[in-house]
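Read from first to last, the chains carry the letters A, B and C; within each, the first residue is number 1.
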């Protein structure tokens, strides 16, 4: 039961991140198979690092469906870029936020199943969510999304805390997942829409170099 | 028997990539031990990631000959840069192509030995071939070779398909390897020499940002 | 006994690197949780890669104290940046050098305990010391410290050789550690203070591209 949810969510998360990678590859004028490489790294990177850290078999080596999902999403994205009217940049942000929210949950769950404590599980959720996109941005020589002023890692952590809270309240499993997804996506997109910016350092302070 | 071929090919692949890393380090004015670091990462990075993904012991920790091969190649490269007339950039491309072709085969083989299916094995071959050079380019703040318009990942995949085809036709082992090597190197160098450029997106289209 | 030293040194090493990551995050105008991400990657990256390479359980998953140490160091750094007078860039260099020296020893020790030879152990020490900072610099889009002309990897290797020499001379355990720490920090800071620059390639030579 849980494993079914897992696979289903995971296939979607992988596809969302693969689309975001293919879109960025296109914007950066990467062509040919390079697009497949950057999309695959985006889609599979975060989960791969999670599995390595938990010393588990890598998810896409064990279950090649994830690979098919990533490759299929790339092909569809390339075809739709080729034959459909141009998409706005908003789709990239949306895909990235959805992937972030899903992978966050999957990282937390897999860590809890392996018997880690909550602080390690939340760290693992952030790792799963953030690292695929981080690798994408590093390879494409972009300023990583997580390093910009918007609430990226914060959205991820909030989703994790929402999941933990609902779980502690014995909410039904589907509610935990749904609550966490909504929280992450809402905070991430809200920060972009309303321009929320955190400022943990003193205002107007510049470091002496 | 197979293991001997493996070690032999691997030592050469490691040496080729180490040379390519040292050459790029030199071009980027990296000096001192930084050159050894970038060359080692280039030479050992792809295979290390492959072994991590297959949850196998890391090849150079188990068989330190690979380490000696990498370090030896760096020393020879530094000495030849120091005492011989300057080499053209062509050597860098050649070393990189040879390493790519060899590591591609080794990744596919090791995955098949571990009992994965063909799509995972081809992915593992591309990972082994591409990631060493990708890490080199990211560390040196270059546009990764795989992200440029030339046929890099495509050459890698073609070599893998050639290997799979020859293997399926029951060709002798040495022929499988040779056929794959030739295919990868030919497509890679051919793309540079004749300026083959893939274009999987529509021509002349620029994304709306 | 040894395990106690290990944990104690490790917690300090993690904290030092976390501070260096938070300082760089601040200088790069990263804000919100992005600072926590870059500081954690810096603090935990090198040791994580070492544990992956040795196919050991990841240290901070097994012993979450390291996580608390990293997160605590980030919070303290952010608070001190916020409320104390600005620190000079010297603190960044100092923290980085101390972390480098400690992680170098820990990498060598853990490899030797796992029964590797000395050349693999020294490589593992350099990996542990260098990779956290390397990831920090790559994510923050800085020229990696190890790639600049200063003695970074060389300091690391010298500390490793000092450790190996003292160990071979049957020096007391604390002396081995202390000797190695002093060597690494001295060479690293000395290279910056007195401007030592290695030049392993011929002087005044520029590569033909």
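Assume contacts are C-beta pairs under 8 Å (C-beta built on N, C-alpha and C of every residue); 3 or more make two chains touch, one makes a residue touch a chain.
Labels paired with UniProt names: A, B, C = Glycine transporter domain-containing protein.
Just so you know, these numbers come straight off a predicted model, no measurement behind them.
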| item | value |
| --- | --- |
| Shared interface numbering between chain C and chain A [over half = same, under half = different] | different |
| Turning angle required so that chain A lies on chain B, C-alpha fit (0 to 180°, nearest 5) | 120 |
| Between chain C and chain A, distance of the C-alpha-averaged centres to the nearest whole Å | 29 |
| Residues of chain B engaged with two or more neighbouring chains | 52, 55, 138, 141 |
| Contact footprint of chain C on chain B as seen in their complex | 25-38, 40, 48, 52, 55, 57-58, 60-61, 64, 67-68, 78, 81-83, 86-89, 138-141 |
| Sites on chain B touched by chain A in the complex | 52-55, 116-117, 119-120, 123, 126, 130, 134, 138, 141, 143-144, 146-149, 151-154, 156-157, 197-202, 205, 207-209 |
